[in-house]
Amino acid sequence: MSKFKLAMIVALCAAVVVPAFTRTPQAPASSSAASASDPKLPDPKLPDPKLVEDLVYANRILSDQGVVDAFGHVSARDDKDPNRFLLARSVAPALVTKADILEFDRNGEPIDARGRAVYLERFIHAAIYRARPDVKAIVHSHSPAVIPFGVTGTILRPIYHMSAFLGAGAPVFEIRNGAGMTNMMITDNKLGDALAKSLGDGTVVLMRGHGSVAVGDSILQVVHRAIYTEVNARLQAEAARLGPINFLTPEEAAKADAQTDSKASISRPWELWKSRIGKIE
Amino acid sequence: MSKFKLAMIVALCAAVVVPAFTRTPQAPASSSAASASDPKLPDPKLPDPKLVEDLVYANRILSDQGVVDAFGHVSARDDKDPNRFLLARSVAPALVTKADILEFDRNGEPIDARGRAVYLERFIHAAIYRARPDVKAIVHSHSPAVIPFGVTGTILRPIYHMSAFLGAGAPVFEIRNGAGMTNMMITDNKLGDALAKSLGDGTVVLMRGHGSVAVGDSILQVVHRAIYTEVNARLQAEAARLGPINFLTPEEAAKADAQTDSKASISRPWELWKSRIGKIE
Amino acid sequence: MSKFKLAMIVALCAAVVVPAFTRTPQAPASSSAASASDPKLPDPKLPDPKLVEDLVYANRILSDQGVVDAFGHVSARDDKDPNRFLLARSVAPALVTKADILEFDRNGEPIDARGRAVYLERFIHAAIYRARPDVKAIVHSHSPAVIPFGVTGTILRPIYHMSAFLGAGAPVFEIRNGAGMTNMMITDNKLGDALAKSLGDGTVVLMRGHGSVAVGDSILQVVHRAIYTEVNARLQAEAARLGPINFLTPEEAAKADAQTDSKASISRPWELWKSRIGKIE
Amino acid sequence: MSKFKLAMIVALCAAVVVPAFTRTPQAPASSSAASASDPKLPDPKLPDPKLVEDLVYANRILSDQGVVDAFGHVSARDDKDPNRFLLARSVAPALVTKADILEFDRNGEPIDARGRAVYLERFIHAAIYRARPDVKAIVHSHSPAVIPFGVTGTILRPIYHMSAFLGAGAPVFEIRNGAGMTNMMITDNKLGDALAKSLGDGTVVLMRGHGSVAVGDSILQVVHRAIYTEVNARLQAEAARLGPINFLTPEEAAKADAQTDSKASISRPWELWKSRIGKIE
């Protein structure tokens, strides 16, 4: 077969594959080649490449499912060093690629930012990883249906089994208590610690006039919780207009949570959500 | 024409056809070849291949129309053996292919699971097929607009002719009655029987803090009912905010149902919904 | 250039063009070739081909904009014979092609159905064309945001200039008055006449427990009115929850209508809506 | 390589690239070649080509994000001549191309309309550019969630940090004050001046029974504000149904605004929104 014929077939394969990628927002061409050829990659202290891949999917999925817009972020504790965590550089979650994932220390400072801007609110992640050794992944978002619950007296509670992880209801962090009039953001470790204290040993904490945070023991679990927190908020707001709501009791919530928030149960939606994203870089 | 030229034309045809498939979530490559070459396929006792195909479409349509997310399932009674029913293995409905359809006995146990995980709540289907010989297909979902009606005192009633099958209003199944504090799920035949009893001779039953079930005399009818139950819930919730609702009377509902829920009427949306899915595997 | 090379270029053009069509639901292959070669086409008494094309676009646009689902229909008065009107065979509007357009007489009977099923409620169109010589096009739909206004006492009124054609508010047709308990549908000319009487000299009439009808002096105008009736209903329902609404006064509505419902004004959205549909068959 | 082979490769590249464009509404083929070869382009008095490009993106983004439908417009002050501004000819924002951008004088008259129709309400822009030298870009829209706030007594106020630019709440322009019963539109400079007076030194002004206007010191900022004004309206309406809202205090709003409405912060969503549009003509 001639070189020309081979080149034609390669071009045709590209013609078949490329349109599939156009469904999702186009990520900027990133220096993934650089990281792929990084001589440090086989280093046993580097985080599992699967963890990095799942973190990129988590970013894209949270955007596709409407939990984050251009703002919000998701992190994962480093599986090799529990004092470190992985988080993207400052970029919209829908555009995150593997090359955008940076490593941060326990105080929220980047190990090596490679000249890139980092999220102003990385202290949300640092503070919770310090306070909660059981937490392996964190989502911070301005998840739209959740915002109204943070600014009114209405408690976000589990309306059905899928959001049983909300248990007896999500606490609300009021930044005015302790910090007074601020720009509403978690821009240092002191504010991060205060937020972590509001979260306590819970799964989700709302932030008045800002957004919310979900935590989990894996990327899959925290993505699951962030998405169903948003769904629960939407359903609870609708139900509240029809009349008083018969929520899951704490006992029902505990029993349902053991089933619906289990590793077995959360892999089903994860596969569906991933299938909507397609291949990642 | 040379082999190369032929290969080129085949590749070009692929380039034309493949992008069309990228609209729907990508189903995992499944062992459809295995089932196609299954020597038992011409067995007269096997279910009609058209029934299996319609069941796959039902899965995809219910996902595309927002009735199911990664959870929820649709089944059909085996047309060759009324003591058996067809249901997918444990997978998100949007990803179901023909090779995922398994057969279950009247107690909800798989005839041959081929090593695959099955839905925890298959007893919903088993119990209703046992109790209702007229039922040929069943949808269980967490259809979002319906959830609020299950947890408040508001009865879901027909707001217009398209949902006339709701008749005098849908009953609500309260799992606490009889079973006390549970994980909210129908995980055995006893709970399934209790749910079937709440359904009675109706078309739709709501499940408090969980979801709902629709039944029909065909896959087309049950898909139609599941979708218009969701639409009715959305419209009724909106109308309730404007003022007291003038619902269809039971007599109007019965007359309208004879027209709108008929085989002639439900084939029109079915063709539209199928056209949005495209070809299935 | 060899035959092979020519064939390749043709195939490549197809590869470029076909994916664009996959955005809209796939219309079934229709016998458009038959109508294209129809020897009667140059007949001066046949309706303007542009009218037929616009009617097909109207069907697709109303579906794309969420005014119709698998049900609902749009018609146009024949520009060559005012006693006839054009309406698709019984099919979902999103799937309508030129070959699906049939002609009906003033009593709603098809001139030549060519063996195809026709809409049960074609009498809506027939009756209004008889009663209103000024009306050249009609939309009947179950437009979702409008349904709640038909079943509650709340009058649909113009909340902003874009829906100024609603004037002092849309009347509601109550089929119970005169016809008692029915299947809610307009299945004969008597019911059609009663509906036309409720419409009076207005632009839109709501049908309790069923849907609504919009009329216009052109296909573009009626599509515009049907879409902005739905938008107005959505906005009015939202506003009603915030507090008492300051509607356009009848005088403001009349003045705004002269501008926003004019031929100059309605061509801008029509071009946008058409661009979303692409080519039609 | 033969001419045929070269032509094939060019055709294949087209096959790869073209489907990506089909995601957005198809813009009509425009005379962009004409403007590209315009001999006046290097003229130092002509506006920065980057400004024109950003203005086209602003049109497409506002449509993609649901702030404008076929109506609404966005303008930018000419960077070379502060007495002029750039605005598209009368066309739906989703279809705007570079060739559609025209220049207007301080009274809202086109410098050279090149025979094209212009927006009836261009006086909104002219009047505000006259009154507010700090304003470099303006969006006028019928942004749907904002309409209800314009027709009820409810003040649009910042529910979270992302809409902190709303400060102490957006004023409402009542056209009846001063102009009496009108067609609701800003069709001359006198009405434009009255609207600019209502805006005062604010960022957003609502127009009763019509829409709203947002202003900014750049195209990026005004697009950001127009989008988050719509988001805030949606969230505030939802929250109002749950109970009394704890808004950002004016002090919190001022501090949050310094962060979230800054150039650094608004470039992140801009890149995301642009990535959804793809290449423009």
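For reference, chains read A, B, C and D in written order, and residue numbers begin at 1 within each chain.
Basically, a residue touches a chain if its C-beta (ideal position, glycine included) is under 8 Å from a C-beta of that chain, and two chains touch if they have at least 3 such contacts.
Quantities reported herein were computed from a predicted structural model and do not represent experimental measurements.
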{"item": "Chain whose average C-alpha position is farthest from chain A's own", "value": "C"}
{"item": "Rounded Å distance between chain A and chain C, as computed from the means of their C-alpha atoms", "value": "44"}
{"item": "Where chain B and chain C are represented by their mean Cα positions, the distance between them in whole Å", "value": "31"}
{"item": "Where chain B touches two or more other chains at once, by residue number", "value": "8, 12, 15, 19, 23, 241"}
{"item": "Those chain pairs that satisfy the touch definition", "value": "A-B, A-D, B-C, C-D"}
{"item": "Residue ranges of chain C in contact with chain B within the complex", "value": "4, 7-8, 11-12, 14-15, 18-19, 22-23, 25-28, 69-71, 90-92, 94-95, 120, 142, 144-145, 147-149, 151-154, 181-185, 208-211, 237, 240-241"}
{"item": "Chain C partner contacts - residues on chain B that touch it in the complex", "value": "1, 5, 8-9, 12-13, 15-16, 19-20, 23, 158-162, 164, 231, 234-235, 238-239, 241-249, 251-252, 255-256, 258-260, 268-269, 271-273, 275-276, 278"}
